[in-house]
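In structure tokens below, several structures.
Paired with subunit B in one complex and with subunit C in the other, subunit A is shared by the two complexes that follow.
After this line comes the complex of A and B, so read on.
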């Protein structure tokens, strides 16, 4: 057993890093956070409140209701009328599957402040948790009509549409994301995959182009590389294309194959080391 | 011929020039914190939030529309600019000019603004004038006409003195404006000690002239969007991509994180 003496500042900095990068490593957060709260509460100063929030959400993820309840009580004591704390209380009710109560909680927040996006989004996630995807989609659409700029919501909507196999609308959502984040290769890749799934010559061409864009933005995106190969060979194999297009696509597919081989060689070399 | 240079007592530098700088600076910092304390919450309506996001989306469409397929771009442009039911063309918001009389929160805001900014300036300006009067403080490096004499040489009754020699009151005012950049350095942008910015705001009309702006903003966006064309960035993407080999450096090199630390 390696017994390490972990310095308190290290723990706190780790938590901050996870908080800023939006990591969802809830078990680690619960381990570190619980110790920090129990042993070093006095040294944390004002940081402790945001750590309570972070640990509470992680505790809900790990079904640690006892820890979540303690954090919530502390926060309620310090910030009695706060909407942010109310939202956390609602999240706890959601974790306990008391969806009616949670919904009422969020409604009360929205009565005070109709512009509170967090409460609205939680209500939609309740619908999603209950499996009511059609309603969730409808609510999310209404939400997005008011808050057109919420990227998290657009991404969530695209996921919901993909689950419902409504690829056209999913593509629309991903287009919004691509416009707001033109350098994010993952959105390009997801868009290309949706287009590929939709099928049809035009969509395959689009998907090939967007796989290429994803590769251009990030040369190491293997999924995009495979996607490029698949879409190019698919087009080349289609009977409806003319000779020039076929030739061009065969060229693309060959290039992709070469790159894939190179990548395998790199990984093989790595394994040998 | 250069007029005879006046030699100022170095005590003036020590006990007048520097203290005035410190006083101005400290008062500015205090003003900043007081303004933070007195700040009232600006409640935005749902409509305002929504409109501002729509405007952002339209701007993004103009700037980054080239990353989405032409069809999609045209679809969105149509949604915004269509003659019959385009959003930007047809949405009119109720325009309520926020005058101080009708909007009580505006009134209190204005009063707070005045109290924190103008009042200290007048008080301290007067006090400095009274304390440090009767002598010349410094010389501005550029020549001034005689018209500036009564303004800049308050308390010094010399008719033949060059207008470049100024009194402490004018040194104080010089500081108020000069230390603005110092405040940005120390207090960050948008700080409450920035007087000239506040005065500019007051001069350029109501501080939160949102309602009238929304209609104008919509119109401006409509025009800009009309002019935008779609130049697809992915036209020749394959050629660009395949002109060179992929850079696979650093692939597969990250170890999987295990344990807590």
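After this line comes the complex of A and C, so read on.
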């Protein structure tokens, strides 16, 4: 009996961790969540509702409409008239590619509650799913004028711009994120990657600075370390820089190489650099 | 003049495993071939055998620095193993979208600079099934700065039956959960993008 209890708590804790990390490992969530719901529902207490939601979304990812439908019915029964559940119903319509019906669902949420950010963002996701990148970008910009603090939205917008090869605008989005999250090494590193991709000596130098900054914030960020090596090497090799700048960048690149070697040694992995 | 590439089963299955691991993302990677000893001048060129596949990235594909790092490291590895980077594959984020985009064309062109018979491969996710009943690739060749689509059928494989059997088995067994791409390697250097475990499974099933 004790073993069963341990297994149950492990499963529940796994689901919680995946929720907190916003992990999209949908097949595993369905595996663990379906068993938890079917075998251990009574032990879950009020946790069961958030688990139904988590499993439903994962089920949609895995084309398990049967499971998604079951979860949705349970949530509808428990929370009649809830906007949050309405949004889940909309997501199911999206998964079935019934985009017009899904859009109507979100519009009805917005009629009752024009500030419902979740419904607005789902509408933008529909545009993305339909390949309407320009419209998605326009809508997301409008959304951000109203909800300027929504980091997820700024990040999504930066990705949309990157996919359209509009690196300047992507950089602007990442600048917003860096301003509000100065200690986030990932935003720094991504900004550096965008600058590097934009190209040109000035952008390369900026990218090197931000790769270095990302490393300062997290000295184990391998992308930042490799990025520092690449940007410094390119600057040093550029015919447009003077001897001082060249020498400094050779130094940065050499330092980065040594750090990369050390990182591989520590991992017992082979360094091909 | 015709040159064509043949896919080894391991190369094909790793491409599909990569796409299966990240169904909600775009994925891309490289194909490697054994280096030919000498270039034959006659018009009957030997087929290029794509012996292996190195999965690169998932998610945002349109940024340069990590791609350059990957190309540098993989190029070194290729030289050590007498391989050459012979192709590039990509599966787009949206299932229904299997046309090559700017990223595919750029990387493909870059590979073609070093290997004139380079192929650019797009994965058609709409035909992706667990049973792998048909090849789901579209192959593009570089001609006069343009990419031309060539038919991909069972003749494009060293042994299609074997490729189908192996890929289907590994998909059923969820081997894609342990597939490593270059992004995974950057997250943790111990993750090996040569995928020795999957290579073992492939040999086992041959």
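Just so we're on the same page, the second predicted complex is superposed on the first by the 262 of 273 C-alpha atoms of A that agree within 3 Å, B and C clash if a C-alpha of one lies under 4 Å from a C-alpha of the other, contacts with A are read in each partner's own complex, and residues count from 1 in each chain.
FYI, a residue touches a chain if its C-beta (ideal position, glycine included) is under 8 Å from a C-beta of that chain, and two chains touch if they have at least 3 such contacts.
Nothing here was measured: the structure is a model prediction, and the numbers come from that model.
After overlaying the two complexes on the shared chain, residue contacts for A:206 are found with subunit B alone; subunit C is out of touch. Of the two partner chains, neither subunit B nor subunit C is touched by A:247.
When the shared chain is aligned, no partner comes close enough to touch A:138: not subunit B, not subunit C.
When the two structures are aligned on the shared chain, A:216 is found in touch with subunit B, with no touch to subunit C.
Applying the stated contact rule after C-alpha superposition, one finds that A:197 touches subunit C and leaves subunit B untouched. In the superposed model, A:84 lies in contact with neither subunit B nor subunit C. Contacts of A:267 after superposition: both subunit B and subunit C are touched. The contact surfaces that subunit B and subunit C form on subunit A in the two complexes overlap at residues 263, 267. Considering their complex, residues 23-24, 60, 62-66, 68-69, 72-73, 76-77, 94, 96-97, 102, 174, 177, 186-190, 192 of subunit C touch subunit A. The residues of subunit A lying in touch with subunit C in their complex are 24, 27, 61, 129, 131, 159, 162-163, 165, 192-194, 196-197, 199, 207, 222-223, 226-227, 230-231, 263-264, 267-269, 272-273. For subunit B in complex with subunit A, the touching residues are 44-46, 49-50, 53-54, 56-57, 60-61, 64-65, 67-69, 72, 233-234, 237-238, 240-242, 245-248, 250-253, 260-261. Residues 4, 6, 10, 14, 28, 31-32, 114-115, 146-150, 172, 175-176, 178-180, 182, 206, 208-210, 212-213, 215-216, 219-220, 225, 248, 252, 255, 259, 262-263, 266-267, 270 of subunit A are the ones that touch subunit B when the two sit in their complex.
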